[in-house]
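The two complexes that follow have subunit A in common; it is paired with subunit B in the first and with subunit C in the second.
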Partner chain A sequence: MNAVTGLEEKLRGTFRYLAEGQPEGTLHGALLTSPLAHATIRRLDVSAARSLNGVHAVVTAADVPSDFLMGTAILDRPPLARAKVRFQGEPIAAVAAETKAIADAALALIAFELEPLPIVSAPRDALDEGAAKLHDSGNLCSDFIYSRGDARADFEDCAHVIDHTLTTPRQVPAAMELEGGICIPSPTGIELRAATHSPFYTRSLIASMLGLPDKEVRVIGSPIGGSYGGKEEIHIQPVLALLAWTARRPVRLVLERSQSMAFATTRHPFEIALKIGCDRAGRLLALTADVLVDNGAYASFGPEVLDTGMECIQSAYAFKSVSLRGRLAYTNNGVGGAFRGFGALQTLTAIELAVDILARKASIDPLAFRRINLAGANDPGPLGQAIIPQPELSKVADALSALPVWRDETPSQRYLSGTGYALVRKGEGFAGGGPNGASGVLALTLDGQVTFQSSLVEMGQGLESTVRNILLASFDLGDADICCATGSSDAGADSGPTSASRGTQIALRLIRAGKMPFLEKLYVGAAEILQVPMDALRLGPGGFYQRMAPQNKPDLSLSDLAASAGEIVTRIDIPGIETTQAGVKVHTLFTACAARAGVRIDRWTGQVVCTGLDLLPACGPPISPLAFHGQMTGAGAQALGFCLTEHQPYEEGTVMARNFDSYFIPTIADVPDINVHPVTWLAPDDPVGIRGAGEIGLNAAAPAIANAVASALDAAPTHLPVRPEWVLGVLARQGRTP
Partner chain B sequence: MRISFTLNGEPQNRQVNPFDKATSILAEQCGQESVKTSCAIGRCGACTILVDGKSANACLLIAAKMDGTDVVTAEGLGARADAIIDRLRQNGAIQCGYCAPGLLISLVALLERAPDGDKLERQELETVLAGNLCRCSGYTALRKAILALSS
Partner chain C sequence: MNVDTAYVRPADMEDAISIKASLRAAGMYGCGLTAAQLGWGVKGPEQTIIDISGLDFGPDVCLADSGSMVLAANAPLERLRLNPLISGQMPTFADFLGYVGSTAMRNQASLGGNLLWGAGDLEVLFAVVDAKLRFAGNGRAQSLGQITSDRSDDLLVSIIVPALQESRIFVEKLGHRQAFSPARVVVAGCVGRQSVRLAVRLAGNPVVLVETSWPMNGPLDDALFTGDTDIHLKTVAHNLLRGHLAQLAQQDMA
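Here is the complex of A and B:
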């Protein structure tokens, strides 16, 4: 069984991504972006560009309804800069022209004047009184406060207390496929072919911008050439749609890598200051956390990222008391957004480092320390909320302890080696109140296929192969009898976003919920046509068989059934698995994972190499084993990048890494073989029976790699990615430089 | 200027400008969507093609330099790639697939270069494929697939 559909076509280059295969006469779209990080737009004159021969549209903020803003919790982002620019690379205007050369010439004819404003380049400065304000509401985008018990008093009872502060990188999703798409207008609407995780959400957003009814906007959101959350954000879709609707011609707009590196939303850098303490027996008593997040210029998913990070900051441990504060500050450093791990990656890495430091101080083995403090199977969730019980946590700890021992690195003068562990959990789906419910359709289509229709999207994670496996396990049918239709607003049912690791869970629950009502319709239809009672029939490969007279061929093929009965459709709606809690946003379904990493550190150069990685995800039995394995190994490589190689630096609002010559995503030579050891046991009464695989591997792998560095150096990283200069500084202070 | 070359066995005669890159001629004029532009500076390998049997980043190749050469893209590999594709499928080595055509070209060039019966060393594989970035897979299944194929 394939991990992904279309594998051979992808390899041979005949697979079509959304920005490929444009219709004849498609115009070339191009963006004018801001060279400054923070400025007032004093003048913007596009008249000369508009009158250039071969230019069919030039659009600016003046072409967007003045109250149209984008975001989730906070709507603050115009698709084209309005009155102000707030980050370098922010689109100011866009053109659609007959050729690239004409489009470039038109961009050069746009006259604009920017009056520089003070640049807010660090989140701490942003929150100072007197800092330049990015938005009228001030630079505090959102905050988070939660406490349980009396942490101050419990620290008094601690035998060991440590504090540690970790700063995490601005990691860029950097999918190989750039942000872009094609938009084809009709007299009454548009068809938008551009990557999104939420075709219906994108459709209503674009329709409201253009003043069109939803039904006049068709959004095709997949297949996607890699996203990792980056294309969950609204990217160039509004500008593309505006160009095509204005030009009344198809337009193709694809960013260049250097534009993408400035424009695409990134993982938020977190500064996480933790203080934790335990008693003499190693029991964790108290945690205080002060978290400051660089949100960049627009809210986007920032508030949700902060909430998720704060919810996960206790990892899988039972602290007696906690006192948590988090703040999200606007800066002129690009725009932070959704990226696999979604805030939890940052805080989990910090707490796992802190736990190891404390365990070492208490002279307790790090694995034993984790066992002592593991949350109980029926404990409430980290913020006191009701959650689906997690008896699998202890199984994960068992599996981590039972891993075969590493083959020891040969000790040498030059290299240090270390092993690190992590045991984490993260909420799956959205916090209570989010778009957790979903709809889908089971249909017998006129061509005789049992089809699951949803607006879930395929981005390489193997959603389609997973859905096919669920269909094959649910219905006694052959491979040729089933179909999976995904990725667009054609589905007729909004399945919600394909994000937060929820795709598989949603598909499984929809098909499970729709199976019996759908089968009943099929049996009723077949019984009527064959003039036999329903219980005399059996659905099998190809169609219906009479139980009493088994044949090699079905007595009624699925296509004959569809031809006689017409399309048979069951619409399915499922509620979200969620609880809500006053004051804080909480998840209900949690996924656990452990990891072990090995590193080798070169004492001469300070270079850190990841030499091994084991991942132990507790996601139940994998439905599509190859795809599941691929989710874990891919997450491991992105964790390696987060810890060792990736960071988008800004200096006074200026983007410093504009391409892969200065931004380093791991190559095959950087990534070791990643071993995946699924912990398939979930409670027999678990209401879902599986957990999503999308994010959890990353959340465990990164802290394990960071802890491996800490163990090799006897010093926990304070900044990620770990820089050779920092390593050499630590070694020098320890007198261990060669 | 006009250039002549063969593309996947078919003769081509194309008008090119001195600064055109092979990527734009192959993808836009010749319809070879397998030649993908991602970084455009020779780092990611998504545009890898064969020029006279050797792998090259089309984004770094001035189009005029294709004159008189034999160019092969992933679309033109045919049966040469069958065994590799089978192994990659069995191991689940490809996810979103955007890097896949360039990767396949690099693999064909690497494996056809290795003398018969010569076992491909892990380090050689990694050195060659370090020019083909994959953001999805973590490379584990890819490495396993190819090392097993060559042994």
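Here is the complex of A and C:
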């Protein structure tokens, strides 16, 4: 068994998150958050709180450099509200005190006045001329325009045309580990222990806020107790760092679940209006899409989410012409951000529904329709960009068609059943411009272990076991000879974010690139010590063996080599696999996946139950089969939530679900058997040889479930999650209620 | 979660009653309580819990000479679900326990608590089978429907389910998901030779019980669907009752 860090503790339920195990004397951090969704801060007086005995720091926006804002494409978010609050739950001030009781008392002593502003709750209203502006730049955060060919003319040539509009839910990450951390100051810097996908990015951000050199900020961001994108965001780290730096004492700050439900970034709700058409033979001719996205109060990853969603809106199909428009609107509905699927989930679900509607209208089997329209192996990417060829697309379609037929359920007065399919693709890693390159280190450490050091993070996805398997396969060493050091800025090499399904790809490419130079250093060192030629040696479990004098133990152990030669280090840098294209952000490496879902619909209650799910990810051979399976089945469960139960409603800027008794994540009782059928074949000359498994299963599962509902009802969902009220309404209109 | 609730563990039933008498409204009986009980704040209940989970209320299930089933009030629901006597005598009850809560929660919650806390799913089923509740110090058993006054000061000891050999029972819960979900609708019916008892709970409303003749002629009694509840839930309750009753009527015809 792999010696994965914390494995036994996780199995025993005693594993501790980064925010636990604080040093003696750690202060309790707490946040004052806005009760209003949109308001001007008229007064904020923390003097009484500061003078309370036991309080060591009270910080507000006044303690943050006035030009310090957070974001990626757009910097618009202060860590503590400055002059205005823009969503309910936005932090206004924070305190660090000896105890929770003192911290709570200090929060109560903060005097503040908020003058309400008009609340912008609907993205369409947000873009009206007269809408209240969340930001000086207006409420249009970002937009996307792309066209290819003449869609209007091609619609004229279509034999069949359909329109479909889908709205998608605001899904909450709902990770077990809440946003939080511990920050420990030193005379010259800080150590920040808080979950992050990108320790180096967090380090430079915090350093710039505190005015410190990067090297004075140490960030430990892993392991993470679940993220799904929520901790790709900068969450409470700046406030935590500010408190510790101000108090000159260690501070622990962890949100409560009710705070997290308002504060955590969510999946963006999309409204996707599609029109697609095909000729008599079923060939897709034209697509128009108008997409409106509720971004919430700050840009965060919204522009990238919109770009990715728009790039994926053609799914895996070759349209002759497309005309695409997307808009991202600021509202006072929390903050949308990075979330597994990253915009593609929403648009892929919409287009896959539309494709099925069109196939039915053209009287063509949905699977056959997909095969007719599948993008060619060497076609350009969806936005005309150069991409890594995708010959695996047809293999995925073959595998989907070859699935054993599900036995139809016994006809019933009460239940309807349906089967749905999807075949999708999504870009892996970041769009052109990155960060797509990465650095890492292979080292023989002084304790005699071959160690892969990177800043990639473990968040339950199985990165560590995957890396260990790559090391074992690369170096013919024993399990005890290898080590994986991840998740901190100590790595000495920035591997970039563990995001966008890129973690495994990056680890594999780094180790692959570093293997030969690293081995050469090891062999040189061993040959020198043993006084034999390098080609007389073989590296094996435990160390080096002389080829001509085989023994059952090494002639030079790795620890002896390290003791004699010192630490042997190879730094590795790999470039990003990316292309850039004027005007639009594009991906170069795509991952394909197909899915089949079955549902049973209760005509009496309108409830939908998923009865089976097949996932066919084309990610090459799984490096860590169990982790891969876990990624896929977890994706299936999250897709169920997206389609059937999960939505965080806002009413006039007010968060309506504050806990999991009103926000419904599927439980194990809701999850059907999920069968994973990896499509392991990728082109022999594929530059990577694998694809990431993080998101693609979800992106295929959700549209398949939605299509199964459409198949059972003979009506495609217009809103997700599918509500029983809508189901009963459809059945009533069809005269199919009991 | 920081649970601040105080607990006391009485030595026996008399001790429990005595503690309750001394604490009055500041104490409450509890059995398998979990901090995640709906309706409580994040810190748990304010009252002191008098933990009766360890008291001897007799076997979880036993059969009386009359054929009635006697259920211990402090029996955990999961143990009841797995009890062979229940699966044999009243399989509908055993099956339904699979939908009351998650396994982890259900392992802890007790039958008595579910029946008396005010919004338990089992109340609907036990109303239609005319189960009787027996409290400590009071020999007379009461029907669920008769418990109109607050009995929170009294210690529920057992529940008696009458012999149901000739009855046919159905019960269904509709939540937001399959299990561990607050009920939106619970319906139940118990069809005898000449009468049928139907019960409905819509969202958080009280259980409504109606008895009428069997086979039924005419529509369902509107009284079953009263309460401040959205029209969808009323429709669902109506559909469920009509659907189950139609199936039973078809069986009779066959």
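The rule we apply is simple: the second predicted complex is superposed on the first by the 731 of 738 C-alpha atoms of A that agree within 3 Å, B and C clash if a C-alpha of one lies under 4 Å from a C-alpha of the other, contacts with A are read in each partner's own complex, and residues count from 1 in each chain.
Note that contacts are C-beta pairs under 8 Å (C-beta built on N, C-alpha and C of every residue); 3 or more make two chains touch, one makes a residue touch a chain.
Remember, predicted model here, so these are calculated numbers, not experimental data.
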Touched partner set for A:Thr645, first subunit B, second subunit C, both or neither: second
First, second, both or neither for A:Met70, with subunit B first and subunit C second: neither
Subunit B versus subunit C as contact partner of A:Ala669, first or second or both or neither: both
Partner chain(s) touched by A:Lys10 [first = subunit B, second = subunit C, both, neither]: first
Subunit B versus subunit C as contact partner of A:Asp661, first or second or both or neither: both
Partner chain(s) touched by A:Glu256 [first = subunit B, second = subunit C, both, neither]: both
Which of subunit B and subunit C A:Gly606 touches, first, second, both or neither: second
Partner touching more residues of subunit A, whether subunit B or subunit C: B
Residues on subunit A lying within both footprints (that of subunit B and that of subunit C): 256, 661, 667, 669
List of subunit A residues in touch with subunit C within their complex: 256, 258, 413-414, 603-607, 609, 645, 661, 664, 666-667, 669-670, 724-725, 728, 737-738
Partner subunit B, residues of subunit A touching it in the complex: 2-4, 6-8, 10-17, 20-21, 173-178, 223-228, 256-257, 459-462, 626-627, 629-630, 632-638, 659-661, 665, 667-669, 671, 673-674
Subunit B - residues contacting subunit A, complex: 32-41, 43-44, 46, 73-75, 77, 81, 85, 88-89, 91-92, 94-101, 103-104, 125-127, 129-144
Subunit C - residues contacting subunit A, complex: 36, 38, 42, 102, 174, 176-182, 185, 232, 235-236, 239-240, 242-243, 246
